[in-house]
Amino acid sequence: MTALQIIFLFVAAVTLASAVMVVSARRMMHAALWLVLSLAGVAVIFALLDAGFFTVVQVLVYIGAIAILIIFAIMLTRKAMEDVGPQLNRGWWLAALAAVGVFAGLAVVLVSWPGVNASAGAGPDANLIVTFGKDLVDPHKFVMPFEVASVMLLAALIGAIYVSVEHKGGQK
Amino acid sequence: MEDWLYIGLFVFISIALPAVAIFLAGLLSPKKPNPIKNTSYECGIETVGPSWVQFKAQYYVYALVFLVFDVETIFLYPWAVAYNQLTLFGVLEAVLFILILLSGLLYAWKKGALEWM
Amino acid sequence: MSFWTDPIAIIENLISGWLAGLGMGEGWITFILAFLGAAVYALVVMLFVVLLIWVERKILGRFQDRLGPNRIGPWGIFQTIADMLKIFTKEYITPNGVDKVPYNLAPMLAVAGVLAVWAVIPLGATIFGANLNVGVLYVVAIGALGELGIILAGWSSRNKYATLGGFRAVALLVSYEVPLVVTLLIPVLFSGSMGMNDIVFAQKSMWYIVLAPVAALIFLITSIAENGRAPFDLTEADSEIVAGFNVEYSGLKFGMYYVADFMHTFTIAFLFATLWLGGWLGPWAEKYPMLGIFYTTFKAWFIYFTILWLRGSLPRFRIDQMINLNWKVLTPLALVMLMLTAVVNHLIPAGMLVVRILALLALNGALLFVTGKLLDRFAGQTKRVVVALEPRPVARPEPVATESGTGV
Amino acid sequence: MIPLPWLLVFAAALFCIGLFGVLARKNLVAILMGVELMLNAVNVNLIAFWRYFSAAGEDSTRAWTFVAVVLVAAAAEAAVGLALIISVYRRRKTVVADELNLMKG
């Protein structure tokens, strides 16, 4: 076992444990903090896979923006969640059963899949970010996703602001 | 990979360093709590109601606009890195990208979402 | 290569040779070297803050026509050490009902969010932590730790002031991050790399402050705001509201916020020097990397003094002014600046440096001019809504009617 | 290098934990957090496949574009979802999924 594998196992264990805490913590704010730890773990795994750019983006977008947004939303809707009583549905065991079932199914499919024993590729060249940037605005490659992403962000912004800004004289 | 090892260690150390300092100071410092000392600080007045107050939705809107502009970095930074090797068309594509985002900002502005209330 | 041209590399070779002599594997040597390097670097930065607090107090004292610290040691230079010893022996007061783990974690994260930035700041041609190929984004991303530290402090203290102060602070921080992120694209765009050291190398022909002064200005303003320094210190405007998110902290836990604040200021100064003033570039800097440290520090010092100067001379903004400044001036300006700079810079063929400088300077001048005109035009139109109140009784010595009718 | 099955099993586990959160939690914000976990698992998978199966250069950027678009989708989903939750909370004073019955006024 190489050092890389040991680090991976450790990080994966922490990530999964904090993910479990996210779905089981009673206090919403604690769940959000566990979510932050879990997202950070995923960021480290990206770094282990030589995708440094996405490590940084994961921290920037998920921890810096989405987690903060979630924390704000928790604070805004706080009265309803005085953190008493069960935080799970009555049928939570059904959900657990479904999750375990899906996991078992995925595991079986993955292990029986012939491609699973592939060895790692050559690894990324140092200039991959440059190539990525070029391809993003190349009309023969990914200019569509590029522009669609900005339209999608625009739509999200307009929609979210429309919903969340209180209308003057609107129904309360 | 070596760079990332260094970064990981550096982040770990920059959390550990203040942690060690705080721990050491905890050993040195006196511990004499009493009920009055341990109450929440509210300028000498007794705390009324729950101390986790609810706050304005306005903060949420700022965070929202921030999120949108933050995600844009995923696309704009690689574009900026490749900038010197692009054609004019490639540059104009990104200008269009920014213009679309800018129109979102203008919408938020017109809607009054950016006002401090 | 003698000891004085590049001592870091020499020491590194020395240690790795010694470790190899002990029969260690390649991986362990890399690990130990990285660990030692990071630890020493972080420790030096932390200790530098001690000196810096004295400098800041001294300079600020002069700005305000006082002497500043002047009792302990020559020119009061050991004042911070005395203060440090004092704060080390202060009691930690943990109020009832705090959420223990986040409460204790928050000051550490606040420091870490600033300290970790130093991993990518180059001090000389060969003296840097890591020339990460996503360095600029890393600097922005690691700031999220600081935000998290503030939000945790505000929330876990279980105090109304702390909660409101914390969320107010974070709302301002995230707001100002938008123009910051957009402005940081400019050096990346010019140099074609996100690595900090590559950006410094690319400034050999011309410093970026000459090519994009407006971007540099926006960077300076937003990073001061991110730091929460005067004139943007309204998150902990101690003369108006209680200190904000860190109100329930005491002893060294409070001290950590203090350290983070001071360290942030001079981290900004170094970042500014690296991104806009050519970092360690200077005569013979490439041949003798140690000279680079001197150049960077000198340039950063200049910016640091400017920040202190602003702190000493400007009054505090109101929160609505601060929000308006960000969303209605800086953000649109930064976006327009980015688009125009990208297009204009692209139209000029490579190699024509003088033309490029002149064109970009003209563009920046025009941008500033138009912004100024627009601001003048709309200056009178944004009125703050003031609730009209009945005239309130004012406590002033009214003439009291006495029997003789003269009053007092 | 990390064996591919480890990565895939890890991603599957993360996905299923998220799924459990979505199905079992009462609070709408918690459901959204579950969705975020699932999207993260997707990204881990995408990056793993990129690392193992992409030939040098050619289709690397395709995987990266995919990941970037997933990130955008996650951000847009979080923004709109949380805005809706806040709006619902303003009208109904609850964010518990079971108590939201739109048929009753």
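Letters A, B, C and D name the chains as they come in the text, with residue numbers starting at 1 for each one.
The working rule: a contact is a pair of C-beta atoms (placed from the backbone, for glycine too) under 8 Å apart; a residue touches a chain by one contact, two chains touch by 3 or more.
Since we're looking at a predicted model, the values are computed, not measured.
Asker: State the smallest step count from chain A to chain D, taking one step as a move to a touching chain.
Answerer: When the steps are counted carefully, the minimum from chain A to chain D is 1.
Asker: Could you say which chain's mean Cα position falls nearest to the mean Cα position of the entire protein shown?
Answerer: B
Asker: Quick check: more C-beta contact pairs in A-C or B-C?
Answerer: B-C
Asker: So what's the Cα centroid distance for chain A and chain C, whole Å?
Answerer: 29
Asker: Find the geometric centre of each of chain B and chain C from their Cα atoms only, then give the gap between the two centres in Å, rounded to an integer.
Answerer: Their C-alpha centroids are separated by 14 Å.
Asker: Can you compute the centre-to-centre distance for chain C and chain D, using the mean CA position of each chain? Integer Å is fine.
Answerer: Here the centre of chain D sits 34 Å away from the centre of chain C.
Asker: State, to the nearest whole Å, the distance from the C-alpha centre of chain B to the C-alpha centre of chain D.
Answerer: 21
Asker: Which residues of chain C are in contact with two or more other chains?
Answerer: 31, 132-134, 137-138, 140, 142, 155, 163, 167, 170, 174, 177, 192, 194
Asker: For chain D, which residues are shared contacts with two or more other chains?
Answerer: Residues 68, 71-72, 75, 78-79, 82-83, 86, 90.
Asker: Indicate the residues of chain B shared as contacts by at least two other chains.
Answerer: 3-4, 52, 55, 57, 59-60, 63-68, 70-71, 73-75, 77, 80-83, 85-86, 91, 94, 101, 108
Asker: For this entry, which pairs of chains touch?
Answerer: Going through each pair of chains, those in contact are A-B, A-C, A-D, B-C, B-D.
Asker: Would you pull the chain C residues touching chain A in the complex into a rising list?
Answerer: Within the complex, chain C contacts chain A at residues 27, 31, 99, 102, 132-134, 137-138, 140-145, 147-148, 151-152, 155, 163, 167, 170, 174, 177, 192, 194.
Asker: Show which residues of chain B lie in contact with chain A when the two form their complex.
Answerer: 1, 3-4, 8, 52, 54-55, 57, 59-61, 63-68, 70-75, 77-83, 85-86, 89-91, 93-94, 96-97, 100-101, 103-104, 107-108, 111-113
Asker: Along chain A, where are the residues that touch chain C in the complex?
Answerer: The contact residues of chain A facing chain C are 3, 29, 33, 36, 52-53, 55-57, 59-60, 63-65, 67-68, 71-72, 75, 126, 129-130.
Asker: Hey, which residues of chain B end up touching chain D in the complex?
Answerer: Contact set of chain B toward chain D: 57, 60, 64, 67-68, 70-71, 74-75.
Asker: State the interface residues of chain D toward chain B in the complex, per the touch definition above.
Answerer: 68, 71-72, 75, 78-79, 82-83, 86, 90
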